[in-house]
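So, here come the structures, one by one.
Shared between the two complexes below is subunit A, which has subunit B as its partner in the first and subunit C in the second.
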Partner chain A sequence: MNSSPDLPIPISYIAGNYFVFSVDAATFLRREHHICGVLAGTLPQVPQQNVFTGLPLELMPEEARLLVEKGVGCIVDEVNFQKQGMKSLMEEDRKKYLKELESQGLESKQLQIRRKERLREEYLKKKNEKAAAKAKKAEEKQDTSAAPSGEDSVFLFDDRQPSTSPSHVSSRRSSVLGASDAMGITPAISHPLLPQQPPAEHHLPLPEVPSSYPLFAHLHSKGYFLSPGLRFGCQYMAYPGDPLRFHSHFLAVAAEWDEQLDLMTIISGGRLGTGVKKGFLIGGADKSRDDSGVAGSNVRAFSIEWAGM
Partner chain B sequence: MATPATSSIPTPTPSSLSNRISTSTDANPVAATTHQVLHSLQHQHQWTSLQIHEIDTKFSIPLISGIPPHRVYTHPDEQLYMVERGLREEDVELDRMFVLPTVQGQAWSLERMAAVFDALPEPAEENEAEAEVEEQTEASEAVDADKAAKLAEYYEYRAKARRTGEWGSKRLLLAVIDKGMGGDGTVVYYVVQEGTVKPRQN
Partner chain C sequence: MADLDEDAINNSTTGGAHADIDLSDETQDFRMLNNLSFLDTANLSLPKRGEKDFEPNPTVFQADILSASRQAMHNALAYPRLHHPKNLLIGVYAPNGPAPPAISKSLDTVAEEAPAEKAAEKAAPVSIGAQVPADACVYVTKAKGPFFKSLGQADRWSRVWLLPEEALYLLERGTLDIRWPRCAVGDGDEDDIEDSGLPMSLQAAYACLMGRGGLTMERYSVFTGLRRLGYAVLRAPGWSESDEEKVSQAAAQSVARQGPGLAGIFSRFMGWLCDGAPTTAVGPVAGLGFHHSYDRIYRKLSLIPFYDPVTSASPSPQPRLPYAVVWHVYKPSTSFRKSAPPDPDFKIAVINARTTTIPTVSQIWTLLESTPLNPPRPNSQLYVRLKNGYRNVILAVVDQGVVSYLKIADAAFGKEKLYAQRPSGGNKNRGPPRHKFKKR
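On to the complex of A and B.
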């Protein structure tokens, strides 16, 4: 999957959260822009399990904002877009779309049938070979003495032979499957039905972000992969590469430039970080320095570790 | 309710720390903190050639500098470099380190931290002072020429790495005194470095 999706990638804004629904977009964001997000989709049958999650990809507001500022993404008011898109749909479009879904369903059904047949044939072939080998052995063994048993196995072998041919018949039959045989397709994205790039009227302004955004942007610009830090007792986890390949380097916490800090924050953070072989990073935007319009360019951060003395 | 017994008990002699603080001529309002940290460094951690610096910031924060008995911090890449060349921490000349004395509960902020870091000498300036020390060590360890060569190579590379920030940039030790419940004299030390410096693999 090295295809890059059309830019800007639509980021769906639904009930206060930011989602990406397309697989291509999600892999592209991770690969090219170091944005991992969190997979938020669970299985409908077991909604409680949170180990095997899939699409959609949920983005932090910071991630969504960064993508919009970079021109890689745009925020889409998904509810309105879907509602209006569906309303303005013509009857013909609807029918065409349903037809398309049906043909997709048939295609996958055929694919499934063909696969089944192939497996069946392979199995039978193996079985026949085994039977033949056995028969041959038996023949060699009982070359002189008992002929009838050898004949028996040969007969058995012959009996199996025709069983493969009905499958060919069925495969011929599968090509003329009716509409009722089609598999039910549940589309993950509404793309063919609605345009991939929603019209500008559905675009939303820049996402609201917490005051820690400058630190987020600063670390991201240094090539770190950032993920939410709730699980580890901080604001962001900073990974030096893809989180699937690297342990994180920092537990990052943001502060305002002149915000009064309790030294205990630094001590507990430093202890927590050192305990898990990470650094504790505290940083914020220096308001007296110009950020020249680029978020995070005026951030200063400090890494803290226990001195061991 | 006068208890006559108490008057007969002699007042205990003040601790060496109390003496140090009361006899100090330091006029800085946080001098007690500075001297307590200095005392801890000198007697508990055996630091040498300790000095107190008044740094020029709008916050009036004193700094302590001294030479620790052994290395306090080694950047992971520096450690790798040393291991690859068979150098041990004891072979390398010790650095003067800065310590920032603070008290638990003291008002602190990123702005103050940045002001302290801005007042620290630049890595390039430090190197000039160290250059003299290098020559001495090389002369005294001339017995092992191979090692001396490796050390020279290390010092050269370290000077470069400090300028580029490859082995971390400016750093100091943050000392925090426990003053909760009257304080038990504990001083804790944390290494603070400017920027994103990757953690050690403790």
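On to the complex of A and C.
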């Protein structure tokens, strides 16, 4: 998990959205760069729920832009890259890739068999113990009647026989496994079939971002984790730490420096924030001040809270 | 959503504070996932809302928990998509849309079909089955499993064609293995869509399928979110602007069905009999004469005309995207046939929060008018009736992958005569429940 992928991390641009498909890249961005994104996919192990979702990781344009500006990521035109990459594949590369997948499939099949056998062993062991305890009890209780305990012992014997030989069985079965027994694998990323770093011809320029980007960059530079906030009635939710472990502190809304604000905006924002135990945060970039080339350095932000007078 | 609302109302009196919380609202601690027992389906229940800390502090304890959470998340995300060889489901990507199989061309010529028919087939090569939509781009030769009850359409060669969102969803959940066609990997000619044996990665599938035939990430997020919860989701006629004719057809049908009807005419006649001519210019508003019941007085007092959703049958302009219904949603329980889908339980319009502004009244109006009349059940509770409205539609507002659902209903407050309601025997618990606001 603590591995760091090669930089820059390719961010796939598909149909107007920015995605990260690699697990390592997703956890790396979260850990080192406080970029969480939104997990947009289905988890194959628990597909019928919405609480935990899986890859791909969908990034806001702001997040993608920030990563590119930091030199951590680069935007890749994934559609063209896939199309041309697949067309120019060599026959040997394809065969090698398929072989690799097959060996991975065999490995996971063996893993599964082993796990099944271990479970079986554990189950049988438990069952035997139970039966033994029962038999003991029965013997202790009624030493005169021999028939039931005899029956028990017969069962015991039957159960014990397979449990003594699973190691033998597993070794035999795994050696027999052929290509047809391999598990099919749907890989998450196209590497190693296609190169991990796409050639420069597929790179795209900086993502276009909304006017709230300076506030985003400012809050991010202060160590906040930001996520899209429409569900809570704001532009960004600002978390003091990783959203996995912390509740958010602020509902952030961006404004222009000279923008006239209705007092009602502030009041309703303040009420909204207080209602969910968060502060309402409003901020914008002062364009007259030099931002020295770093996005967000000329931003001031204010937080508004409802005073319980 | 009508039934969910009812459930929420019923539960709000009995359930505790947890009933209101939607776990998918916020990022949950992935360590909770470890507690789920996948093997034991009998007591499979979602975890309770995890405890989170207020703010970071430099303790090792907190750092340990955080790294454990991240590890759990990493493990969950790294879980591979495996297919047992016995129930491996293989689909093949067809970049140019539905096409007949290569073998069948030669088979057809061998078969005893009339030459005229052959010529016709050559003239229209896409005639592979009436039900297969032109946007379909993945076919499955040996379709099996429960998913094909509500996904895909079979063609004449019993291949099941999947729309991009259906194929991507099945791949994502680890059910389907999509293969590159021979034409995409440089083998064969441009129309060769035979299986090349190379599996498509999740990344490649997104690159190939997203954006095809009007499938945006916003629409897809709504589709998968609802499919994951068990709903059947189909494309609605308003999917793309070019489908407008279909919309107008559907609208014409619904207009024909919703005329005032005999009962309506009768009740209007009765109303005219009872009320008499309004003589408010002189004398008291309630009118002179004998008043035997309060109902009569109240009826006299209702001077201001109210809007009746049933009678407005004026043809309205076509709804325009994005304020048009794009998904038809069916509850899991409905006996569903994909060849002849019933009336949808919910109609959903998908809106990208970043590019769309708040709708105008006329936009909402045309959107509501495009849905068929769906009057509330007369024996349901007052608030349920008001919430259901006479037409309703759900807006799914998607902000960078986060979906919020809003229900818009055409409520008829004027039709709910409060004075005509008899008090229900003084039992306060049985009255309409007070609305509870969500507090978080």
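For the reader, a short list of remarks on this structure follows.
Note that in this section the second predicted complex is superposed on the first by the 254 of 309 C-alpha atoms of A that agree within 3 Å, B and C clash if a C-alpha of one lies under 4 Å from a C-alpha of the other, contacts with A are read in each partner's own complex, and residues count from 1 in each chain.
By definition in this document, a contact is a pair of C-beta atoms (placed from the backbone, for glycine too) under 8 Å apart; a residue touches a chain by one contact, two chains touch by 3 or more.
These numbers come from a predicted model, not from an experiment.
Using the contact criterion defined above for the overlaid structures, shared-chain residue A:Ile304 touches subunit B, although it does not reach subunit C. Contacts of A:Ser12 after superposition on the shared chain: subunit C is touched, whereas subunit B is not. In the superposed model, A:Tyr224 makes contact with subunit B only, not with subunit C.
With both structures placed on the common chain, the touch criterion links A:His249 to subunit B and to subunit C. In the superposition on chain A, contact of A:Glu259 is made with subunit B only, not with subunit C. Touch criterion met: A:Pro240 reaches subunit B and subunit C at once.
Which of subunit B and subunit C touches more residues of subunit A is settled by the count: it is C. According to the touch criterion, the shared surface of subunit A, contacted by subunit B in one complex and subunit C in the other, consists of residues 240, 249, 277.
Residue ranges on subunit A touching subunit B, taken from their complex, read 219, 222, 224, 238, 240, 249-250, 255-264, 266-267, 270, 273-274, 277-279, 281-284, 286, 300-309.
If you check the complex, the residues on subunit C that touch subunit A are 23-30, 32-33, 36, 38, 46-47, 52-56, 62, 65-66, 69-71, 73-74, 76-85, 88, 169, 171-175, 177-178, 180, 184-186, 197-204, 206-208, 210-211, 215-217, 221, 224-225, 228-230, 353-354, 397, 399-402, 404, 439-440.
By the touch criterion given at the top, residues 1, 12, 14-17, 19, 21, 23, 26-27, 30-31, 36-52, 54-56, 58, 60, 78-79, 81-83, 86-89, 94, 97-98, 101, 105, 108, 180-190, 193, 210, 227-231, 240-247, 249, 275-277 of subunit A touch subunit C in their complex. Considering their complex, residues 45, 72-73, 102-111, 113-114, 117, 173-174, 176, 188-202 of subunit B touch subunit A.
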